[in-house]
Each structure stands twice: as structure tokens, then as C-alpha cells.
Amino acid sequence: MMKKFLNRPEDFVDEMLQGILAAHPDQLKYVADDLRCIVRADAPVSSKVGLATGGGSGHLPLFLGYVGKGMLDGCAVGGVFQSPSSEQMLEVTKAINGGKGVLYIYGNYSGDIINFDMAAEMAELEDISVASYVAGEDVASAPKGEEQKRRGVAGIFYVYKCAGAKADEGADLAEVKRIAEKAGASVRTMGVALSPVIVPEVGKPSFTIGEGEMEIGMGIHGEPGIRRGKLLTADEVVQEMMDKIIPDLPFGKGDEVSVLVNGLGATPREELYVAYRKVAEILGQQGISVFKTYVGEFATSLEMTGFSLSVCKLDAELKALLSKAARTPFFEQVQL
Amino acid sequence: MFDVEAAKAAVHAIRLLMDENQERLIEVDSALGDGDLGLTMTKAFRTADEQLSDSDESDIGTFLAKAGMIMAKAAPSTMGTLVATGFMRGGKMVKDKTELSASDIASFFRAFSDGIIERGKTKPGNKTIVDVVDPVATALEEAAARGDGVGALVEAAESAASMGEEAARQMMSQHGKAAVYREQTIGKPDPGATAGVLIVRGFFEPVRSMNR
Amino acid sequence: MMKKFLNRPEDFVDEMLQGILAAHPDQLKYVADDLRCIVRADAPVSSKVGLATGGGSGHLPLFLGYVGKGMLDGCAVGGVFQSPSSEQMLEVTKAINGGKGVLYIYGNYSGDIINFDMAAEMAELEDISVASYVAGEDVASAPKGEEQKRRGVAGIFYVYKCAGAKADEGADLAEVKRIAEKAGASVRTMGVALSPVIVPEVGKPSFTIGEGEMEIGMGIHGEPGIRRGKLLTADEVVQEMMDKIIPDLPFGKGDEVSVLVNGLGATPREELYVAYRKVAEILGQQGISVFKTYVGEFATSLEMTGFSLSVCKLDAELKALLSKAARTPFFEQVQL
Amino acid sequence: MFDVEAAKAAVHAIRLLMDENQERLIEVDSALGDGDLGLTMTKAFRTADEQLSDSDESDIGTFLAKAGMIMAKAAPSTMGTLVATGFMRGGKMVKDKTELSASDIASFFRAFSDGIIERGKTKPGNKTIVDVVDPVATALEEAAARGDGVGALVEAAESAASMGEEAARQMMSQHGKAAVYREQTIGKPDPGATAGVLIVRGFFEPVRSMNR
């Protein structure tokens, strides 16, 4: 049974966008007469590389939630769990190009890749230089050695944040892309889910997880994970996830990291902190120090119950960029 | 042999085939993916058909490229964009013509297939629509070189499509949502390949009926 | 069936606090050797009225989430849905007293009142001046004319924010209390719930809401609301809530307000924005302008599905205070 | 007649009564509130009993006030804090004594009741523990004034408690979680009143057994 606050399911995405635009008119606007082409209210920002993202709806704050000062310039918004069109991406690209080119930063999903590549081709025809960074850091989605196959999930936050801060410094397209690649290569993520979601237009769960069961490594669209098993304690789940994350980069003694504990939608903040308690303990034991911890909802899947852990290794350059102030409708940070 | 009116009829025929096969497409895509293929393919071709049925374009290449652009906008899923890319690249290849010869049709399908390969960063053998359209392009090139008549040409294309679909069934998915199921995909039909067969069949429908 | 990330249910609150303290050591600390006595890392702030709150756990960001710069100085943390003890409140009071006295701001729940009154009495014995403001703005919890019986819910955010900004100006205890009262008197809230919650130590839902049903006006501990009925569309629910909220203050043409759309725990942010779309439409029709909109989770009830709407009437004074920057682990705002 | 040893025995007796009646307290509090009363009352008196059983305090007033302070810390629910307040105020009232006379016991209960009334911002008639302890205080005052013997005193207190509990059942809740149920609370027992009866009964248990 679908228990949601909705009007007509087919209007869900557009009504959500109307709500977001009504709530944050000082921060966001739409272009090309298309609600799904969202850009900063002050776009284009001249003499700055424009940062664009895009992807399916249902993952707030992803993707459009990070459009704002110090992070992104624009976002093409798709249907629930569906890619936006290349044309929408192109419109966003044109609207945010401040003369220094545009960097696409998005997750490793084939529909998005194909559309962003098409948009990039169209943008080049309009003399806009475009570069792309495809984020993928979910260690559960492909084994080490096949990193290019990995899904991008909450870890993309670090890519947005660092690349956004770099673009604000006036860096050129290649340099901003270098930072996106560096941040992306420094982060590893893994998730766990306890319950499925209902896509409004579908009206019933697209998969099931049995009573008393959990799926470790599940993706945010319900992609199968590493294993399904009986529900473990918070400490056991975190241990299993960290045992995959830490050796993958690998993270090690003396490293300084930032940690992101991300709720997938319905998991209370209280439980995220219970999980973080164990993360901090494990990192402490391994001699890894934490510079900054984020706990909350950064990349969700409607009302999915579960959470993901992301760990990002910092050097002086990334640390300085991560520390910069930012202000978007979904993420506000003072200079650290 | 194949002018803008034939192309309009082809788009219409593909639309009808997608409508007829919507349930089957949903079914095969649900087994390996998210099940949206039935919706995206009907939407892509319905929109193209509606927006182009009273087009006064006479350049067949421009017409086919336009069909692709409409689809890209209407159906931004993986297959929607790939098929759109195929029409756009194929159309560009046969621009500045009012009619396609047999070898023009072969060129169209070769560019169609290469466009998808480039856009999808893939190659034949990865269990995708390419495993249908690449052998179709080859069969058309060979038939055109042999100077086959219309009937033989169509037959060569359609049998290459069916064989490609069958071959794809035995492959392992390497791309998109299906890729996570790895070995489990072997033996199951590839949704994109199934849609590809419908596109090929619909494309030659006007030729086939002219020939009847 | 309880599907939660937990270790031993009886350790839930303390482990959550350990996680919070581990995540935000630059912002929070605990005093009196008791994890449940949380204060700002830099407490006591001298020459500033100290602001304390407290209440049961399970409502994050309430209550301790608002301890930080520009808002509160300390919080006594209770068990899930239970009051902290007067002794814990006293310890917090002592730790945050910067010499100008302490204002208690908390919600209208009898357990909390009784304990805060007791703590105030004990604090006075230690020569700390204490004043109290008990927030209660839920229009569904008691009829107009019996405002003093109303529950305090998400609207307390405005009281914390404005009183916190006032205290930062160096105002004295009476003046900060005046602002707390003024903000509290300017806000009205109403909520709706679709599903119950499970208190970890109880292990099963404490009440039920039938399939396809909702409870309009339900409190965050499951207190009965105004009516239970079949699930309406988002627009219908919002209309019904606004029809109660607007005439209650009343809000009217020409007023300037801030709106808070608060998720109760499991409701996706997308749905909150669908709801806000309708709120904005209704306010627009009535000639009420919106200065600032907050959408997110500000006062939750574990994994309850539902949301609340709060509307706060602003004059120049409250607007200036609301606009001030703040930084707590759960709420960050740049100067507006 | 009532020294620190008796007070220790009283705390212990109340503890046993709370333990015995835990399920019933949970039940009555679940009907009108959150059901925690069985847990908070057992916790309050268990902790006080454990921490005070080997106390060497000789001032009976100080001892009783200390019991209250322990309860406040151990069980910060509404009733926990109210009962704690009762013991603290009652204890303060009979400070600097090693033994309580009948009229001292009456003063203790009067201060106990007034403390709860003040802390709870309530009065008799609102369906609370006050509707038990206020009539108990009155009955004790009257019995002491009459010069009743121990047996009669205890009987006066206990029958006032039972009658108070019964009277409270017919009232409408005005405070706390129960207040939202308004008319529906009439006819149901008040959890706090039920706990109040157990406190009164346990308090007089040592006196009763001395008297046997």
C-alpha cells in the first residue's frame, strides 16, 4: 500500500520542483521554460567554470540540492529514478556557461552517461567547452580492479564540494576537473538497506526485503548488494561495511579523512549517530584521524530504510577545499 | 526507393509495433532491468510519429535525423537516447538526398550502429541492441554489393536481426542495470535487442508493402 | 517487527550521544560526567544569558541539535520520549551560566515542566537566576482560548533561533525571555501522521494507523489528533492544515511570515516540497508574503511518516533575529 | 513511633509493593498515558531502597528528603519527580527529629501533598495522585488531633487513600498525557492515584507490623 503525500503521481516531480522553486527563489531558478532545468539564481557566474549535474529524481538532496554558492551551478532533473534528457542538460549547460566552460559531474549510471555525452557533443557544437567526471565509489557495486564499473552514490558530495570550491577560486576547466577526479578517487562508499521504496507512478515496491532481513551493499535503486542476511546489530553492520571500505583505497594509519554517514530516507538520525559511534571507534583503532564528520541525508532513495558510509581521504589541498563555505538550499556550511 | 513518405510510414510502423509489443518489452526489461522499456519505446516513436506525420521536409536524411532529435527529447532513457543517436547519425550520413538507394540504406544502418557503439562505448558481443543493428548493417552492405532486389534486401536485414537477437540471448550483459546480474543474464533475451528487431522490422514495412 | 540499526535497545540513547559527541567534538561536550548533560564546547559563554533546553530523545534535531553558536548553550537529554531529570537540568544550568542567568526554553509536556521547575528551584539555591519559557503552538492540541494547554513541537525552532540571536546581542535575561515569548506567540503549527513509531526499548508500535488512513493533528508521541480519516491528496491535507493554522493567530493580508515544513522522520524531502507548493499557493492567495522558508527535518519522531507545518509571523525585530547566522551540528545558516 | 529504621522498612515495603504491582501500573498507565509508570515507580523505590538500606543517617527528616532526592535522579518521569518532591518537602517539614509522632506523620503527608500540588500546579479534583495524598493528609491530621492510636491512624490513612483512589476514578484528567483523552478518562483509574495508594500502604507497613 502506497502511503505518501502526493497529488497525481505523474505530477510528482514537477510539483516537487515547483515547491523547491517557491521555497528558494533567492537561490534557484529554472531556464528554457522547463522546470527540470534548474540553475543558480545568479547564473551564469562570469569567469568561473560552470558545474553541472543531473540525474533521476527521488534522491534529494541529490542532485539539484547542491546547486548554490560554493558548489554547483546547474542541474538537469529527470523523472523518478530516470535520466533527464540530453536536451535538458544542454539547456542547463548554456545557462551556466560563464565563459570558462562547463564540467559535468554525475553518477555512473548508463542512462545518465549516454545523455550527458550527447549533451556534451551538442554543447561543443555551440562552442562551449565541456569536460565530464563520472563519479563511482560504491565498493559493493564492483570489485577492486573494476573501479570504472562502480555506482556513484553519496560520495559524490565530496566531488561537488571540492570541485565547487576550486571553481570559485577561478581555476580553469582542466584544473577543476583534476580536483573532481582527485576527490572522486579519494572516496569510498558502502550502503545497507532494510526496506524498499515505492516509485509514485509504479505504486508498489519494486523489490522486497524480508522481515528481519537486510541487504548489505544494495544500491539506491534497489540494485542487488553483496549479500542478503538476517538483520545484524548496528555495530556488526558497520564493522562489515568498514571491513570492505578501509582496505579498498586503502585507508591506513596516519591518514586524515572526512566521514559521511548518509541516511537513505527513513532511518532516524539517532540511528545514524549510533552507527557513527562505531565508525569512529574503528577509525580510531586503525590510527586514522577524522577531520570533519557529516551525518544526515545527503543522497537518499525516497523512503528507503538504510544508510551508507563514505570515507574520503584528505590531503592539504582537498582539506582546504572541503573547508570552504557553501550555501545551497540543502547544504549550508560556514568556513571551517 | 525510400523517400520521406516511406520514412514517415516507417516511423508510423515502428510506432505500431512498439504499441503492440509494449507488454512484452516491459516484461523482458523487468527481468534484466527496470521494466521501463515498454514505456520509453512507445513514447519515443509515438512522439516522433505525431510530430512528423505532417512534416514537409523533403531531405530524407534531415527527416530521419529530426526523428532522432524528437526521440532524444521525448524518451531520455538509455535506449531512448541510443535509438535517437542511431537516427541522428544515420540521418546525417544520408543527408542532401530525397531518396535512399539500397546502398544508402546500408549506409544509414551502418552509421546507426556505429553511432550507438560510440555513444554506448560498447562493441558487438556485449548483449545490447548493437548485436542486432550491427549484423543488420553488415547484411545490408552485402546485399547492396550483390545488387539484391528489394525483397532479398529486406529478407537479409530481417533475418540478420532475428539471428542477432537470438545470439544476444546467449551473451552476458556488460552494460547498464542488467550488468549487475552477470551470469544470470545468459539465456535471457536482451531488452534492447528485442526493441532493435522491432525497429528493423518496422523500418522495412513500407518497402515490404510497396513490394507486395 | 522492529527494523532498526541498534545494539542493545537500553543503550540506544547513550550510544547515540557518544556518536554525536564523536562527530562534533568542536561544537559539543558533556558535563558532570553525564553524557546526557550536553553543552556547547565553549560553555560557559561569559556575559551572555545562557539558553538551556531539554526533553526526551527520539526527536532529533530536537533538542540537543540546536545547541551551538547563535542558538542554545545546553541541553538535558532524556530517554526516548522521556524527560531528563531535574538534576541533569541543574548540571546543564550550572555549566552554561555565564553570569547573566539562564533561560529554559522547552516544550509543554508535564514531565518536562515538573523537572524544569524543580531544576529552576535548585538553581536559584545556587544563586543562578533562571527564567522559563514553555513553548506550545500546536493548534491541534487544544482549542483557541486554551493556548496554554498546547503542545510545543517544531515551532520551538523559531523560539530557539530568535532568543539565541537576542542573547548573542548581550541582552539581559528579561529581554531574552521577552523575545522567546514573542517568537513563541507568533508561531502556529499543525501536523499529520501516516504511520507510528517503535520505541527501541518497547520493540513494537505504541499505536496504529490503518492502511490508507492518516491522523490529522497527531502529536509527536502519538497523541490523538483532530481526526482520523482516509488518506487525502497532499493538496487536500495542506489545505485542511492551513485552514486551522491561518485563522488561529490569525495571519492575514499584508503579513510577512516564515514557514517551516518539517518532516517527522520517514517522509521524503520530495513530498515535503510537494506540500510546500500548496502552502505557498494558499499564502499567496491570502496576501501573506513569505520571508524565509525552511524545509527539512527540524523536530521528528523517530521513523514516523508525516509532516508538520509551522507559520511564524515576523515583525522587523523577529525578522532581524531570524536572519542572524547560526551554527549548530544540525542547523547551519549564514546571515540572511 | 517512626524512626529511621522504620523509614528504611517503609521504603523497602513500598519497593516490594511496586514490584508486585508493576504489571498493573503498566496497564493502568497504558490506558491513559504511555505505560511507563510500572517501570518508573519500581526504579524509583528500588534505587532508594538500595542506596539507603545501610544509611547511618539518624535524622528522620533528612533521611526522607534524601530518599526523595535519589528518586528524582533515578526516575525523572512526571510521577517520579512528583513523588520525589513529596518526599523532599515532607522530609524538610520533619527535620531535626529522630522519631515521628502521629502529628509529625500528618505534617509529613501534608507537606508531601502540598509539595506535589505546588510542583504539579494542580489542586485536588484533577484526577491525580493528589486525590489520594491530600485526603490521606487530612485523615492523619484529624486522627492525630483526636489522639487516635496507631491502629486507628493507619486505618484512617489507608481508607482515605482507597476512597481517594475511587473518587479519582470518576474524575476527568486535566494534566499530562491523559488530559488529551478528556471525557474518555472518566471511570478509568488514574495511574498516579493507584501508585499513591501503594505508597501510603507501604509507608505504614512497618507501623502495622510493629503493631501486630
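In this document, chain identifiers A, B, C and D correspond to the written order of the chains, with residue numbering beginning at 1 in each.
Keep this in mind: a residue touches a chain if its C-beta (ideal position, glycine included) is under 8 Å from a C-beta of that chain, and two chains touch if they have at least 3 such contacts.
Keep in mind that what you see is a predicted model, and the values were worked out from it rather than measured.
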Neighbouring chains shared between chain A and chain B, ordered by label: none
Intersection of the contact lists for chain B and chain D: none
Whole-Å gap separating chain C and chain D, where each centre is the average of the chain's CA atoms: 34
Distance from chain C to chain A - Cα centre to Cα centre, in angstrom: 29
Chain centre separation in whole Å, for chain D relative to chain A (CA means): 58
Touch-based graph of the chains, sorted into line, ring, star, complete or other: line
Every chain pair in contact, whichever chains are involved: A-B, A-C, C-D
Of all residues in chain A, those that touch chain C in their complex: 1, 3-7, 12, 15-20, 22-24, 57-58, 60-61, 194-195, 211-212, 231, 233-235, 237, 261, 265-277, 280, 293, 295-297, 300, 302-303, 305, 307, 325, 327, 329-330, 332-334
Chain B-facing residues of chain A, complex: 78, 81-88, 110-111, 113-115, 117-118, 141, 149, 206, 219, 221, 223-224
Footprint of chain A on chain B - complex, ascending: 34, 36, 72-74, 76-78, 81-82, 84-85, 119-121, 175-177, 179-181
